[in-house]
Amino acid sequence: MKKLTIAAALACAIAAAAPARAEITVCTWGTITGPDALVNGMTYGTRDYLEYLNQTQGGIAGNKLKVLMLDGRYKLDEELKIYRRCADQEQAVVINGWSTGASKALRDQIQEDGIPFISESFASEVLDPQKYPYTFIAGPTYEQQIIIALRDLAARGGKKVVLMYSDNEYGRGPVNVVRQSGVIEKLGLEVADLVEYRYDAQDVTAQMLRIKGKNPDLVYVQGSTPQLLVALRDAAKVGLPAKLFMGNLYNISPAIPEQLGAAADGFRAVQTYAFYGDDIPAMKEIEDYAKKNEVEKKDIYFIKGWLKGKVIAAAIGNAIKKNGGQVPADLKAFRKSVRDEMEALKDFDDGGITPPFTYADHQGSVQARIAEIKNGKYTPLGAWINAR
Amino acid sequence: MTKRSFLVALALAIGFAVVGFESGRFWAYLVYSVAIASIGALSLNILIGYCGQITFAQGALIGVGAYGAGIAGNAGWGAASLLVGAVCSALVSLLIGLPALRLRGLYFAISTLAAQFILNYLFKILQPLTNGVSGLVVKPLMLFGRPANDEQYAVICVGLLFLSWLVLTRIIQTNVGRAFLVVRESELVARGMGVDVARAKIQAFLLSGFFAGLCGGLIAFTSRLANPEAFEIGLSVDQTAMIIVGGLGSLGGSIIGAGFVTLLPEAIERLGELLPSADLISAFREMAFGILIILFLLLEPRGIVALARRIFARRGAAARTNLPDRASYGSGAISAQNGRKA
Amino acid sequence: MTLEVRDLSIRFGGVAAVTNMSLDVNAREIVGLIGPNGAGKTTFINCIAGVAQPDTGAASWNGRAILGLSPADLLRLGVARTFQSVVSLHDLTVLDLVKLGAAAHARRGRGFLSQFFGSDKAVDEEICESLLAPLNLVDVANSPIQTLSYGQRKSVDLARALACEPQLLYLDEPVAGLTFQEGLNMGAVIRSVRDRFGCSVVMVEHKMDVVMSTCDRIVVMAHGARIFEGTPAETQKDAEVRRVYLGDA
């Protein structure tokens, strides 16, 4: 009896909380609270762009958007639960998910449900337009970010590169893929050394001494920001300049110049989207949105979120246009049509966040610039480099 | 177990299975999440609540079951993989439990903490078996020639929970289970009564490990991914919270606690969506468990079940001799003549 | 059917707890072991109950050496004991505990599968009739032990020890903590247990009135050694006993 009462009480609480169905529902979940919340601007940006459409254009083709932003807390079970809520209860047309793990766990389910799904992951294993036609990502994979860095080195006339990476999947996986692809040799570069270190290492001085002996032109670090902080600190100790080091998109963090001060000057990272505050059309929209709303995350990750919002809106808009200006009555058909339109986006102009791209490959732009820390601020250098 | 409690449990199981099958995938997910967590909580309660062996390795042990079942499932063992996972966990649980034959209380608990971290590390480095940090993608369980869906999982998990509860309830009512309780209270007295303390502990670890493994296997198949991050110490903490909130040494309480701990974040989340101060609510959600556990430990260490019993007893249920209220018993005629001498 | 203990000694660190203690118990005899606090009575019982290992000495039950055997081994030989302090055993009911006690006995102990699948009804009834009724515990047979009074818990412990049908029973302060009337009742119960089950009893006890009315023979210990042995009447008369124990200086 007690069990029943509690279940009934919870059922009432949840049922009462279930909202009425809106016209077009888009779900986006991320780590609102949790270990990788530092980069959750990616989730806020998407929500804010779609809200911006609601406020300025009354949604898409006159249909209001209902945007749900949910907290997956970087927990697999939580993300799996949210997916079911979005797909089933909320009847979302498009879902924007978060982790690599959840994207992998859900990949068969997503195909079966036929829901266009944009993953926040940059891992190549969730990307396969043939096998997983409903799954998209938004930007260059980790491997491609490494290749962009190598191209930049080759263009500047460098030769010797050290690849440094943590001893987990995030570290090892992409480095192995790049090495086996033969791209390094094709660019006329040479791997001076491979340095693996523990993902939670607190001191890498020994590794830095080893790297110093190799006298490389570039040290590419495939690691998270805390790992970069340790690496750059110990590099300075043995007299290796930050200028020698390069990281990926996730190493564009104010923590690096803040904590290391002048020692971080010259550190470079692969910048796959425009910075918040850059002089681009998309930024004008954000400033417009910010007049009436508070923008909570003012960083490059928010810009990525804004980009995904634009992609989702364009695909939904085209699907409605194809259906004679009406929202398709059948949700399944609507989802399929949105997927098709997403894949069909050609020379898509995202307002300067990236160069125009085609989404047939399910990842969009695979270009990036190199950003360098100058006087404590990340500053883009030169033009966009294509990973392909 | 009385006939009445059996029938009530059966009715509840059928009820929840129907809810899980008929109310869409989200509800199906909630139903089987609670059922799976409950099997884990039952397993942990056998060890901590009944046998008194405090362990922090439950999360990793569930992980062993998940990997065991996942690997067997990918090799084509089908539903039998659940059994493989359960047996793997039982054996690992036995290994974790061996120090308990020498160490007691906190010292043993610390050795289980070490086991938790070692196992989690093994999940990450045994690349060929576990696929390392990127996690093992598990093939779906086939049912009637198709991959099982959420609704079918809800029925399967509730069914297995019912069976687990039934088996454990029976075992608790044999001398094997009685010995657990005596060992929990005093190993010295247990020995004096002729109870083989070492054997009782080994049995408790095997039994608990088996059901932890079943829980893990179900996690692997329903989530389709066995991932080291899912079996960290946080899972041990969640499971412990379930049995503290539900009631240490109560099988029914384990299930109530599992439901409570699994559904509370969702309930708070939905509540937060209704109210304007969503941020505040979501911050509260993070604290809710901590506050809840402290409250229960301070006010009702034996959980919701004891709370309910107290309320029940106060409502004029004094006639129920099998659940007497301590206070009312003390004022009865017996204590007048049996008053304890100082 | 006799217990023979010869020259048993045990030291804890530098303290001699029991020194050259000897004791004989005949079939169906109730022997009281008395003495002031710290006389070594409980330590002595622990030595012959498989809990403590004496340094020197010998003990045999029916001609079989028993020193070094575990409590479980002793139970199989028909030697059972009760405990001085009764712990609260969580949710175990009176019947649960008695059944656990019975498990040590070959006839009453049942296989796991028969317990798992079978009904306990017949066993419960048998226990109620043969063990709980004589100890006035039938009414509380299904109550958790923690809800019982102290005196009842002592009776439950006795029932638990009797469940394996012992031929030798050690009772460690069966009356301590009970009221005067309860104590006298317990004494009567012990005698009736002896008559009913035909076992020998060694009881350690402080309460002289109960000891005098219950025991056939009394052994007095002081400072870890035996100082007197005799019938209750002789014991009361003995000057040395009165000096060290009864406080007649």
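In this document, chain identifiers A, B and C correspond to the written order of the chains, with residue numbering beginning at 1 in each.
Here is the rule we go by: a residue touches a chain if its C-beta (ideal position, glycine included) is under 8 Å from a C-beta of that chain, and two chains touch if they have at least 3 such contacts.
Values in this document were obtained by computation on a predicted structure and should not be read as measured data.
Enquirer: Which chain has its C-alpha centre farthest away from the C-alpha centre of subunit A?
Expert: C
Enquirer: I'd like the most central chain, judged by C-alpha centroids against the all-protein C-alpha centroid.
Expert: So the chain nearest the centre of the shown protein is B.
Enquirer: Cα centroid separation between subunit A and subunit B, in whole Å?
Expert: Roughly 37 Å separates the two chain centres.
Enquirer: Quick one: report the Å distance separating subunit B from subunit C, using the average Cα coordinate of each chain.
Expert: Between these chains, centre-to-centre, one finds 40 Å.
Enquirer: If you average the CA atoms of subunit A and of subunit C, how many Å lie between those two points?
Expert: Those two chain centres are 75 Å apart.
Enquirer: Any idea which subunit A residues touch subunit B in the complex?
Expert: Contact set of subunit A toward subunit B: 1-4, 6-7, 10, 13-14, 16-19, 32-33, 70-71, 75-78, 80-81, 84-85, 87-89, 100-101, 104-106, 108-109, 125, 168-170, 173.
Enquirer: Spell out the part of subunit C that touches subunit B in their complex, as residue ranges.
Expert: Those residues of subunit C that touch subunit B are 49, 51, 70-72, 74-75, 80-81, 83, 87-93, 96-97, 99-101, 103-104, 109-110, 112, 115-117, 120, 139-140, 142-143, 146-147, 149-152, 160, 164, 177-179, 181-182.
Enquirer: Within the complex, which stretch of subunit B touches subunit A?
Expert: Touching subunit A from subunit B are residues 8, 12, 15-16, 24-26, 28-30, 33, 124, 132-135, 137, 140, 147, 150, 223-225, 227, 229-230, 252, 255-256, 259-260, 263, 265-267, 269-271, 273-274, 282-283, 286, 304-305, 308.
Enquirer: Which stretch or stretches of subunit B touch subunit C in the complex?
Expert: Of all residues in subunit B, those touching subunit C are 170-171, 173-176, 178-179, 181-182, 184-186, 188-189, 191-196, 249, 321-322, 324, 326, 329, 334-335, 337-341.
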